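In order of appearance the chains are A, B, C, D, E, F, G and H, and numbering begins at 1 in each one.
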Amino acid sequence: MDYHFSPEEFFAFSLRDIYSRQGYSLFRMSRFEEYDFYAGAKDFLTSKHVLTFSNPDGRLMALRPDVTLSIIRNIKDIHQLHKFYYDEKVYRVPHGADAFREIPQTGIECIGPLGLDDIKEVIALALETLCVIAGGRRYVLDAAHAGLVASLVNGDKGGEILKCLCAKNVHGLRTLNADERLIRLAEIPNNLEALSEFDEDTEELMKFFSEEFGQNFRVDFSTVNNLNYYNGLVFRGFVEGLPEAVLSGGQYDGLLEARGLAGCHGVGFAVNLSLVRRLEHD
Amino acid sequence: MDYHFSPEEFFAFSLRDIYSRQGYSLFRMSRFEEYDFYAGAKDFLTSKHVLTFSNPDGRLMALRPDVTLSIIRNIKDIHQLHKFYYDEKVYRVPHGADAFREIPQTGIECIGPLGLDDIKEVIALALETLCVIAGGRRYVLDAAHAGLVASLVNGDKGGEILKCLCAKNVHGLRTLNADERLIRLAEIPNNLEALSEFDEDTEELMKFFSEEFGQNFRVDFSTVNNLNYYNGLVFRGFVEGLPEAVLSGGQYDGLLEARGLAGCHGVGFAVNLSLVRRLEHD
Amino acid sequence: MDYHFSPEEFFAFSLRDIYSRQGYSLFRMSRFEEYDFYAGAKDFLTSKHVLTFSNPDGRLMALRPDVTLSIIRNIKDIHQLHKFYYDEKVYRVPHGADAFREIPQTGIECIGPLGLDDIKEVIALALETLCVIAGGRRYVLDAAHAGLVASLVNGDKGGEILKCLCAKNVHGLRTLNADERLIRLAEIPNNLEALSEFDEDTEELMKFFSEEFGQNFRVDFSTVNNLNYYNGLVFRGFVEGLPEAVLSGGQYDGLLEARGLAGCHGVGFAVNLSLVRRLEHD
Amino acid sequence: MDYHFSPEEFFAFSLRDIYSRQGYSLFRMSRFEEYDFYAGAKDFLTSKHVLTFSNPDGRLMALRPDVTLSIIRNIKDIHQLHKFYYDEKVYRVPHGADAFREIPQTGIECIGPLGLDDIKEVIALALETLCVIAGGRRYVLDAAHAGLVASLVNGDKGGEILKCLCAKNVHGLRTLNADERLIRLAEIPNNLEALSEFDEDTEELMKFFSEEFGQNFRVDFSTVNNLNYYNGLVFRGFVEGLPEAVLSGGQYDGLLEARGLAGCHGVGFAVNLSLVRRLEHD
Amino acid sequence: MINIAFPKGRLGKKVYALFEKAGFSWPGMTDDNRKLVFTHGDMRAFWVKPFDVPVYVERGTADIGVAGKDILLERSPDVYELLDLKAGACSMAVAAPQGFRDNSSDTLRVATEFPNIARKYFASQGRDIDIITLRGSLELAPILGLSDVIVDIVETGTTLRENNLCVIDRFQSLSARLIANKSSYKFKEDVISMIIRRLAVD
Amino acid sequence: MINIAFPKGRLGKKVYALFEKAGFSWPGMTDDNRKLVFTHGDMRAFWVKPFDVPVYVERGTADIGVAGKDILLERSPDVYELLDLKAGACSMAVAAPQGFRDNSSDTLRVATEFPNIARKYFASQGRDIDIITLRGSLELAPILGLSDVIVDIVETGTTLRENNLCVIDRFQSLSARLIANKSSYKFKEDVISMIIRRLAVD
Amino acid sequence: MINIAFPKGRLGKKVYALFEKAGFSWPGMTDDNRKLVFTHGDMRAFWVKPFDVPVYVERGTADIGVAGKDILLERSPDVYELLDLKAGACSMAVAAPQGFRDNSSDTLRVATEFPNIARKYFASQGRDIDIITLRGSLELAPILGLSDVIVDIVETGTTLRENNLCVIDRFQSLSARLIANKSSYKFKEDVISMIIRRLAVD
Amino acid sequence: MINIAFPKGRLGKKVYALFEKAGFSWPGMTDDNRKLVFTHGDMRAFWVKPFDVPVYVERGTADIGVAGKDILLERSPDVYELLDLKAGACSMAVAAPQGFRDNSSDTLRVATEFPNIARKYFASQGRDIDIITLRGSLELAPILGLSDVIVDIVETGTTLRENNLCVIDRFQSLSARLIANKSSYKFKEDVISMIIRRLAVD
């Protein structure tokens, strides 16, 4: 059979196969959400521009800047474990551009009473995803712990401090009189002794993956870019030859609470498939 | 491999295979068009509502009400035969609804110096498409000749007369003093002697298909609903159990001329895959 | 001089004169606000529809559903008394209509460390405004105390209870097991002994106006329709022959707090001049 | 009485008085128009950006980029002379800006079977308008004849040629091999002998005003910037100290024809009152 | 099996009579009972509100149905209009109080049960209007000053006269029409044609 | 002069009886004639379609009127709801064919005469739906497969049972209410209060 | 008093020479000092960045000024373009690495200092592009793979050749132009014309 | 192979000196020639316009680069800011003519080369402004009345004083920073760290 699959489609289907085998079920966006549905969580969205349009019924709608929020909206029972994956187009203005683009995005969400194994599974899937996309190239998954950072970021300069952390801007952190431990976390790449500061579970996890995946899994605190929504592990995946992160995710209990699901846990990641096309050029 | 394909995806891929085997190449919408791009051909679009949004660069854009117009825009050389098929989402307000829906649409366009065989091929593909979707159910392709109708529709009441024709509204045609031959065409279903009024090529074509496909191919002049854009054959496909046409197309030299490609010929059809889901229920 | 003033303009200018004599200075909307500026206070806006458009710089803007919020945004020093009046067009979808209308609106805002006399002045101006518009017809200013209501509305049914209060829906209040005192307030029109329940200042105020203006000033608790933003006096003005309130206002310390001006007091009212045209017909 | 009139309001009312004394009646925009209403005449609008929004009834609307088109839409009887003036806010993106502004615009339209005296009256009013705004400063009304230019602009380079004419770009005209007479018209400022090329009526008119107003009235062919809509006189008014034209108008029979009023004549002008504020600064 | 939607009410009775005359009838259909669906042979008939007939037919729930032209114009469903049954002939008109003069300066307040028809009519007149949508008793609107004029169905015009209203413009003639779902027509053409032939005989 | 809007039909008759019992009556009002407006003393009464009562009252054409709670919830007019007349007690409910199970994967097709009420109800359930707005005979919709469920007024539920439908959720109790225009109330309070007092007596 | 804006840099020097030749000069204007504004008689001159000249003239801060045609095309200010000073003649062109072939399937990445000119050019070709706006050293972009092609000013083309780039299409010839504010021109025409006359002499 | 983008101009020279001092140099890089790319061992360096450095680094064309903090704030690229090179220390400030008073009734006209920085600054002040974007010679804008104030880089402030302008608010200190592409950093960390270590030594 000759389906003329594009690179984006090819990777999307390979990933759909991987996720569904792992027991994740496909989530489809049946409808568009109202703009105000997203306006409430603007800083969770990666692009500040949301494509808005008006329905004939007069409501101001938004064209899918994100899928996670819609998945969350459909969670009723928080005592049961929900494992979804999706394969949708999202609509964003790429950084530096001035027009909306249709971006094929795939991802998974694991929501409910999370155990350590669930998180382990998600990270394993993230690494498998990177491996598939890299196809022989080098790749790495950076990970850090948002909760740890939150405990060290203080005062009204919190925002600026976090920005500096994401930019590995140590001199900036010094100027802002950031906590010495935070600076140390920022300074030392793949800082393994930092693990000692973690809670046991996380430490175990990180150790596990460091041993399991070696160079492909790294501790890097510049990964933490949001403390309102993310609380536990956060991670970001890079593939050699792609100038930006192709995968990003983490544990977002904070977001769940903000959306009315207090006490519920959630972890997942999204893959930006619009980048894979560039790999051909190399 | 387990791709969790939805019915829409399943049919879309089957059709992609069929069209590509027939030598059609896949056309992808790389970008969004400006609203004014469609405003110029409003009555070619089946839904009067166009989903509009504004780009960060200030331009008023439209979210894909149609793919054909974009394919046409990319035709440079009209002396060469272009054979494209597409598999995109289009955005429309279904008749009777008051909200935009994302509608999976597949279709083909054959543009350039068309020969009789090209048109024959397109109609054959339309019938094959219906057969695949019907999956054992009955289906029928209605066809008529827009040029013939155009020659019979006259005066300032042209619009109303055409409306009546589409509705098989014979009494309406009488009230409007429509041409007797037109009334005859409207009156008699599957009117084969009407063929005699056709130009030779078309007559041959129709005869060919009537013999080839018998009950599945019918002459029906209520199929003609637009005389500005369609000039030659127009057709519409129905599947038993689906309340509306699942396939529609025709020859649109008029549209090509209106888009600056005077002297160029084009024929094609679009398949509304949002309907197939309903077939499961039966 | 012949300015061909419309009724709306005529009244607007008469009122501008009255307010400016009273020491209020004219506030002009210099720019449009972003949509999110209003989205944060949707339930303060009387119409749920906000006219949104996109700027060439890509920002989602709103066309003035309200002036008060913009005046508040310009308040820097909350320890000084600010007295503004405005005369602008606002854009709303009238109740029962399905299209935006341009509505000439005039009003005043008195913001800062309010004294009893300031509130007295505002109510006096409200009554003078009604008198000018009524031009001989009967008119009445209904007033109530939002704080008092707030103290009596409790539990998760607060919203429904308030709705019933606004609709003088006593049977509804009973069904919802609303507080008996609240029901009494709703039941008895122009309930003067209710005043005894007020704090002293308010009681004095109400007494003062009841004596001063008699039948033109009434206590009516159906006036209270929002407890998040209004805390003190709320009032609504009616003119015989106009089917809806032509003037509405109150004390909105709650709104000020929500907009980052905690501890600041504000009182004011808006006049819907689109109604005055109807008075000619009588 | 103290109305706190802004400079814009002050001038608007003075002009309303002048126009109404001259027998013009006030036209008010009662509603918003649909976007497509303007899309049809985009190049008549001075700003390419139109503020669009969606009505709750689902129609794509535009917020008043212009008043003239609405006045035209209300003309039924073309055999009667219609004299309207208006005083509205229009919404445009000023050249070089990236946001919509609310611009107070006043103007007059004289539509129907125009006589020479009617045109004379309109130009006299334009000059009186400039005089009022200038308030002692120097001012000038540039005028030219679009028909004459149309007769000299030819071929597919017409657009570029016209652009050069507007920019007094003589070297550009030469490069484009524009008609020698056109170049002469562009070259010689206040070219009075050019009048000889005019039709008699116009020549008389121009002579009349040149004598009547001397330095304040000038022939300048860079005034002609649109040949589709303007056919007769076109003019533009400047006041010393204001960097751009404060008044612009002309005879637009072409526009009337495009809007379905073939055979009807129309002349008028619009005044951009947002500029007058700057005069204070001087 | 073919499904037929009949409009409840006066028009429906007239139309059903035509069907009986043509030899189609469903036992108990005219009785005053709570029964909703009536099957006879391979034909199933049911009564629905006049305004709902186009919905049933357009969505294929009914293969054919009978609807007034007024409703077809208001709803403009995508169906075949196969036959004018002539029954219930009347017209759509603008009516106003005796001696009404339209000073076009103000917006015209129009009360009607057919907002789309009214909007289209006044748009063609280039007249700005406010629509007040009502379900019936239109004559009351201008009498009590709720609206300036009305757009409504007019038969003899007696009701109007009795209420001091007069017709300003009869702009559309109406009657009952037989409509069919476009897809059903393809696959049940023989039956549908037969019904039409029989109904058309007169 | 005070204007009162009564709802045509069964509910209207019940309600008018209450007014008569309270001592308000208008000669000829219950006769079957074409008369529309009935004046008695300084009180003017008229029959309008139930759905139109809120329109007349909100716009002040009628000072007071009687409307079912269902219509008030659907239209949410900005009026005073002064009295529960108790008449026509029933409830708003979701009904579906016997043994219906909602597999929430697909969009639910809901037929109803009250789109706003239905939309609000299912939104509170976080359920995506397609609304099919009908004017009546709702029971037919699920029987013929036009919709999956219906949202409609239910009294005894007999009609539903007869059509093999069952109530899934009775979520709102209904009855006739006396409503008043807010402005009228200010300037005609004495009369309106008097009417209420008399009606309330029982 | 008349204000004249000169473009800093190489082009400015050439242009100023033309003014001197025409008899207009401002003491110290060519010295390397921090002075910004130079007045001589009733003429005031000042140096601004080439890209800023149109801003100063369009807003009337400068009555006249000198700007390259490239900048006028990029900014399209609403001014008079009174004279082609011929100075700095060159052209706008599309350039790409030797042997570049455009396979139009993918979006073309275009690096340029003139986004509007580039957008307009490729729109006329019906080619989808991604613009990468840079301030200079355009040749680097294709060499390092930042872009597929560039749209830039080309004089001799030596620089391009040295970097293995070749001109694909020279689509616009450029040179320095004398521009004037439209309003200023009305009220200072005598002076402005005089300047033009003197500059034009050759 | 690692790619390094240097900013042309004065700052670039200073910065390149730091690299030489740290033991990184590219033959011919400081000569005045047309050469654009300089390779030495497995390091490739090139000069680009200061404003373009973030573009090259963010898109990965350059693995690392040097940019002024002013440009990083204006463009806010998504890169790592690994080192403050201290070179070119100065600050971003609002300046206005001597004795300027802001009467907030009118919109403030702000001339600047950094529109985003200016917009952000005045938004934090809740002040409505009109931005006039210029490429340089900002001091001229207020002198000639093109703008009320300017937002610009200030070192000693001498230039301002010479033009009778004074600093109103120094709100941001600036200097050259070493930035890196986030992805490059992952896969070339050893080299990049080595460069930083050597540069950091002082």
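Assume a residue touches a chain if its C-beta (ideal position, glycine included) is under 8 Å from a C-beta of that chain, and two chains touch if they have at least 3 such contacts.
What you see is a predicted model, and the numbers here were worked out from it, not measured in a lab.
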D-E or A-H - the one linked by more C-beta pairs in contact: A-H
Selected from A-C, A-B or B-C, interface repeating A-D by over half of its contact pairs: B-C
Length of the line joining the C-alpha centres of chain D and chain G, rounded to whole Å: 31
Distance from chain G to chain E - Cα centre to Cα centre, in angstrom: 69
Rounded Å distance, chain G centre to chain H centre (Cα mean): 24
Residues of chain A whose C-beta touches two or more other chains: 31, 49, 52-58, 93, 98
Multi-chain contact residues (two or more partners), chain E: 55, 59
Touching residues (chain side chain B, partner chain E) in the complex: 95-96, 138, 140, 142, 164, 167-172, 189, 218, 222, 238-240, 242-245
In the complex with chain C, residue positions of chain D that touch it: 1-4, 6, 13, 16-17, 20-21, 25-26, 28, 31-32, 49, 51-57, 59, 61, 63, 89, 93, 98-100, 102
Interface residues, chain E side, partner chain F - complex: 3, 8, 34, 36-37, 46-52, 55-56, 59, 61-62, 132, 134-137, 139-140, 143-146, 158-159, 162-163
Chain C-facing residues of chain B, complex: 53-58
Interfacial residue positions of chain F with respect to chain C in the complex: 55, 58-60, 77-84, 181-187, 189, 193
